[in-house]
């Protein structure tokens, strides 16, 4: 990395560290100052005043997996759209056609998902 | 400036740790994660070489690796979910049969 | 000593800048809660906070102290490490996102330790990507908080909001591509500078929302902006997309089990994200620090808009403070009012300062408008249901923003062939 | 309007008498309200007849009176409303205290479900074929049936202190 | 309670969630056990009784006039309606005629109460769906109604204003202005709520087609009130079995046919407007002077002035408040139209000064039992909307 | 030691620690968090080398999408702490030595100065992001278009897998 790179990203890293320190201080401050008098009822996980039934970390709907999965695949598309937008003027018509083909193929997948009900949260 | 070898050694260490995790971990998800770790180690080597030679092909390749990793994660985790549904376990020892 | 300072001037200035920025942002956060409570209260025909300090101005401080002295309950059965990590991560990432926002184009008119001082922490060439990278990570804070709490309401809230955040992140990233196609850069500063195309003395025609550049009319990014801002509201978990903390169903969502300052950290993170997103909307679509008027002699009077707003407002605050019941209010409010009045007057008296203040003024004003939108929506709109929310994200915003990309690309291509 | 109600009510009585001579044990008229007393074994069939033939489609209320120490001590009261005919009648059946069992009316009106649970809870009358006969207002482990006349108004003093989950040892 | 929800299949894929009793949107202390598959409700088991106060048992130990104050505490959004149904039942048992003037005052008060109850309903339902401002607007107007109650009865909520044989107090001086002012203000305020909600896309999305209760289901579950009318049946006790001179008033019974949450919302808005009409007519009908209680020696407390001049009056006063009065043995069952549906009161007398049995048919209790039918198969956010539009008051459910 | 080298060692150390923690942690969530640490450190190293774009993509896709999916799946399946079962004999006997040998041989090969590698220090590529973009859409256009097919197939595959679960 050259000097300008250091000047571009060094402050970012410092900022990250300062923010982390700040967050850490805030978190530990409440631990230090805030009083604690735990008892069994207080430490119970919230379930509307009832004793929790079963374990909270239970298997959950697979819909959430589907959403994350579709997200990954379209995120990849977005990642290619960005460099494309960067050099779009230079690529010209060629780049346009290229990306249209790319998007078209992905749209096929998108409409397939739509048709199959993967995008319907509640059927 | 950091010598390229440093990056390569780091890459090798990460790859090795990934391989160790791959062999030693029992949980399929963790095993899958160790594969991702190995891919990452390889990516690091790609980028290091690309910077060493001053050519960006390596970085383009990294992009493709990431895309492949994404597709792989999507399908692989789908399979893992199915395994869990069918065997009620994520332990690799219990999922070593080809049929149910 | 001096030599040492001068050798490391850049880094010292950077650290000071970061400290200042974080201080300002946290203060603004605090007063944003005050402003939100006040504005929503007035929408709902009530007073809002008005006990602590004049007009409740010290309410944020009181809230902060209360959070600090609250009992810090850690429920049994939580995964301690992750439970503490989650709010830490949320706050840290949302504060870090501000590092890449440029607040004004020019360095300060004087050098400190021989260095130009710019009003940004860093301004990398891929600022936009860095911002998106940080946003992409911030989903962990919420997902982990929900998982670590070992409570069903938290888990559901956490899963819901992480799914919501990633869904809208997609629409968010896609809706920006239209702007990038015209700007051809990831640098936030360059994106702003490219919008400086006044037409007929009207500056805002050049902003990306209208996109009237020197080459003629590009495809206005109104659709892109609507997609962007809608996704941004959802991304920051605000009304009407505040499903993760939909108190009517999930009580408090992912932070049900958090108390005292750990809870406040999520809160601060949310408000900081609001500010960041408002900055981004301003930069990408509304010309950042550019004035909506052209810099021609005809429009010169607009240079006095900061003074024109500050002076009467300061006078009103003085007047209001003098008739306030308590001694405290009688002192504090006129002091604030006088400060505003004085700044307004100083800006007229010192044209150089006034010149320098222009971009900052416009930038702040635009951000404030977006923040007001946030508050306004919260006071007016009912909440969407979760499936409807996902439908809006996946079936409306995503295809529309992809279509926006295609159309914008087509228009850009057509322009270049003409 | 009030007279109207009565005229229709007498027609109801006539119909029930014609349908089954044993159905109506007694008819009581009091302040313009018609009470048809039926034997508790016939209750469900009378209710079905009321619903299907006489259009008493709405079960307005069901409750129970404890006439302790008179035997049979329990009097079940079903208040029926015919929305099409604008008629109200009361079906009454007497249930003995030693064997408080009666056929549930849930198969006739679904709305009877909670009302009968309430009677079961507070009066201790068992409803045969009730799909979900559990205590409803009182905790599951409550002892006794508070609305019975032999249950003191102040309750029994030794209330089990089990209803505070946080305090349970 | 150890209510168990079995999993649908042997494989455990579902999650059992306690919604309530300490939950912001169960309108009190309702507890619902939900079995969820993701966000979809597979099974819902309501559990009530957390607010059970044994009012019916307490009534049996009070004289008839003492028990009036207990009725206030059942449905705390409709205390005057509870007073009314109790008074009507006792009056029926006694065969007592109530002066017309008192009847009109009762009508006016009960209709004001209906508006205030609907306002609370609208506000809480709106805040359940996230529309926070409507909540505060509604409570602002409800405050005006409570002020009117305070003016009439000296109490805002537990007024006990409607007594056996009439009403408690002469209407206060200047009440016409105050009520008139309220009537003048209210229609535009209702327009305001509608402006915020009725055409709102999000509101429609949240309520249209949600929580559909078909007419036959509603009747089978004995559901009454707005829920039944939103399913298309104009069953209103004020029209069908008029009481307290409702037959003299000109009003219509609004109905809707969609029977979803939106229909119930629209219906209650329309009912508020109808109630305003009734209040207006009642104001015109109430004469400036006349008896507010029926004359019945030994049952209705005599007037203050008479007590100071007549020996019998003083003796009756003493006897009424120490021994009470004893109606003839028999039963009476009266139903009125409360804001939530058919509110009934059953009183059995054995000839003593205390009721043998006093039972209230509370609409919330009966309407609530249809909840599982409505919410099963819906998603968890709709449960909130459904609870909201059934409009339950847990004090009324548990008594 | 120059600041750049210092940063390298900090990041590299963190990455190795993260990878170690991935191996040692018992709960999959903790392993996943360790992996995220590794990825963020690698992104930092890319930045250090000047590969800005790759660094951003690393965080956006790897950190913000792939690992989110991992975390989701762990949360969905409620994968608990790992059971301690005996290692299979093959792993015990052959696995660890082989893995160590692999690491050692790669490291040795790398550390040994090889005259075949012309430049051992990093060079800065000016306008790297734009070069990557141009290259991606010119020289690598076919692989680029192929990725869309890959993603399409992945969508179909994942959907089939997820939908089968419903029955």
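For clarity, chains are labelled A, B, C, D, E and F in written order, and residue numbers in each chain start from 1.
The criterion applied here is as follows: contacts are C-beta pairs under 8 Å (C-beta built on N, C-alpha and C of every residue); 3 or more make two chains touch, one makes a residue touch a chain.
Keep in mind it's a predicted model, so treat the numbers as computed, not measured.
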{"item": "Most remote chain, CA-based centroid, reference being chain C", "value": "D"}
{"item": "Geometric centre: closest chain by C-alpha means", "value": "A"}
{"item": "Pair exhibiting more inter-chain C-beta contacts, B-F or A-F", "value": "B-F"}
{"item": "Between chain C and chain A, distance of the C-alpha-averaged centres to the nearest whole Å", "value": "19"}
{"item": "Whole-Å gap between the CA centroids of chain C and chain F", "value": "33"}
{"item": "Centre-of-Cα separation between chain E and chain D, whole angstrom", "value": "23"}
{"item": "Intercentroid distance (Cα basis), chain D paired with chain B, Å", "value": "70"}
{"item": "For chain B, residues contacting two or more additional chains", "value": "1, 63, 66-67, 70-71, 73-74, 77-78, 81, 85"}
{"item": "Junction residues of chain C, two or more chains touched", "value": "124-125, 129-130, 147, 152-153, 155, 159, 163, 166, 169, 186, 251, 386-387"}
{"item": "Per-residue overlap in chain E, given as positions that touch at least 2 other chains", "value": "15, 17, 23, 39, 379"}
{"item": "Residue numbers on chain D that touch chain E, as the complex places them", "value": "1, 5, 30-33, 35, 57-61, 63-67, 75, 77, 79, 81, 83, 86, 88, 90, 109-115, 118, 122, 134-140, 146-147, 151, 153"}
{"item": "Of chain E, residues touching chain D in the complex", "value": "1-3, 48-49, 52, 54, 56-58, 60-61, 92-93, 95, 219-224, 233, 235, 240-242, 247, 330-333, 335, 342, 344, 346, 348, 350, 356-357, 359, 361, 365-366, 368-369, 398-399"}
{"item": "Complex contact set, residues of chain E against chain C", "value": "15, 17, 23-25, 39, 126-133, 136-137, 140, 196-197, 200, 202-203, 205-206, 379-384"}
{"item": "Residues of chain B touching chain A in the complex", "value": "1, 63, 66-67, 70-71, 73-74, 77-78, 81"}
{"item": "Chain A-touching residues of chain C, taken from the complex the two chains share", "value": "10-11, 14-15, 17-19, 22, 67-77, 84, 87-88, 91-93, 95-96, 98-100, 121-125, 129-130, 147, 149-155, 159, 163, 166-167, 169-170, 173-174, 177, 180-181, 184-186, 251, 256-257, 260-262, 264-265, 386-387, 390-391, 394-395, 398-399, 402, 405-406, 409-410, 412-413, 416-417"}
